[in-house]
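Right, one structure below, let's go through it.
Chain naming follows the written order as A, B, C, D, E and F, and within any one chain the residues start at number 1.
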Amino acid sequence: MPYVTIKMLEGRTEEQKRALVERVTEAVVETTGASKEKVVVFIEDMQRNHYAVGGKRLSDQ
Amino acid sequence: MPYVTIKMLEGRTEEQKRALVERVTEAVVETTGASKEKVVVFIEDMQRNHYAVGGKRLSDQ
Amino acid sequence: MPYVTIKMLEGRTEEQKRALVERVTEAVVETTGASKEKVVVFIEDMQRNHYAVGGKRLSDQ
Amino acid sequence: MPYVTIKMLEGRTEEQKRALVERVTEAVVETTGASKEKVVVFIEDMQRNHYAVGGKRLSDQ
Amino acid sequence: MPYVTIKMLEGRTEEQKRALVERVTEAVVETTGASKEKVVVFIEDMQRNHYAVGGKRLSDQ
Amino acid sequence: MPYVTIKMLEGRTEEQKRALVERVTEAVVETTGASKEKVVVFIEDMQRNHYAVGGKRLSDQ
């Protein structure tokens, strides 16, 4: 605890995901006082045909 | 905003998903007064072995 | 099935929520071929201090 | 209703998932009084590079 | 891990929720081999005006 | 995009939540290359009787 879910378009590299998870965890620890080993992060990749803004999917633009 | 997540069994066509996203966005705009370009839709596909009703997965029926 | 979750700022009236749920359900039925009685909709209200865009919560703007 | 979502690391067998869904459904029925045919279970598999504890992904350990 | 989310109509007693959490945790441990102290359960209460089946909210029936 | 959901025990102050949202947004921008105004953060408060580890709710410990 806390539990952080990050939903983003697929395509980020493993290096980006590793850094993302590290930096977000630090941000949570420093601002909430949670202990680092309790912070959990989930990444969820979105496909371009499964994500729409304004009624139009990214894959249709 | 609003953010709409639609979870359904895999197997719909791209044409169905495109229409789904358009029509749901219109429904949200007309009933909530949100501006169209702010409506976000996520689609999540479910596999038949990851979905159960009454204790039985679809893939076991 | 499908399962639709609509997350939006608190403050909509009951009349708006009732219409939202009806219209979204129709949109899902017409585009996916799901039978109406199987469509499930969840509404989730967001508070203005629990929602941020660009690093700033709505309650701080 | 109720709707149960179980998020876990990928790699469980179909036999484990089938038993999981059966047993969790029974546990829900016996403790909440819900009727069995109304209990819905979703399984979500997590990848090891999309799950982190303490700022470190499982795939990096 | 695993992480279990149980979404249900508000109104269950504390005793029911306590038993639900215990029994679901046991079901997960016995079928997946997860160690008990790693199983996390979240309960989410739904209001009757925020839940609809077939386009009609429970509060409108 | 990305969309970040942070689920944590209720009780954090408004000041902590404001800082949390700012810092997490920065962490996402610096590691993924997303533009700041596109990063969305949702906070979800958990109650102690709705959160269990090892089959025991926090409110029962």
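Assume a residue touches a chain if its C-beta (ideal position, glycine included) is under 8 Å from a C-beta of that chain, and two chains touch if they have at least 3 such contacts.
Owing to the predicted nature of the structure, the values given are computational and were not obtained by experimental measurement.
Chemist: Going by the touch criterion at the top, tell me which pair is linked by more C-beta contacts: C-E or D-E.
Modeler: Output for the comparison: D-E.
Chemist: Between chain A and chain B, two copies of one chain sequence, what rotation angle (nearest 5 degrees) aligns their Cα atoms?
Modeler: Between chain A and chain B the superposing rotation measures out at 120 degrees.
Chemist: Taking each chain's centre as the mean position of its Cα atoms, how many Å separate chain A from chain C?
Modeler: 22
Chemist: Hey, how far is the Cα centre of chain B from the one of chain D, in Å?
Modeler: 21
Chemist: In whole angstrom, how far does the Cα centroid of chain B sit from the Cα centroid of chain C?
Modeler: 12
Chemist: Tell me, which residues of chain B touch at least two other chains?
Modeler: Within chain B, residues 3, 7, 26, 46, 51 contact more than one other chain.
Chemist: Residues of chain A touching chain D in their complex?
Modeler: Chain A residues touching chain D: 14, 17-18, 21-22, 25-26, 36-45.
Chemist: Using the touch rule from the top, collect the residues of chain F that touch chain E in their complex.
Modeler: Per the touch definition, chain F meets chain E at residues 7, 46, 49-57, 59-60.
Chemist: Spell out the part of chain E that touches chain D in their complex, as residue ranges.
Modeler: 1-9, 12, 16, 19-20, 23-24, 26-28, 30-34, 46, 51
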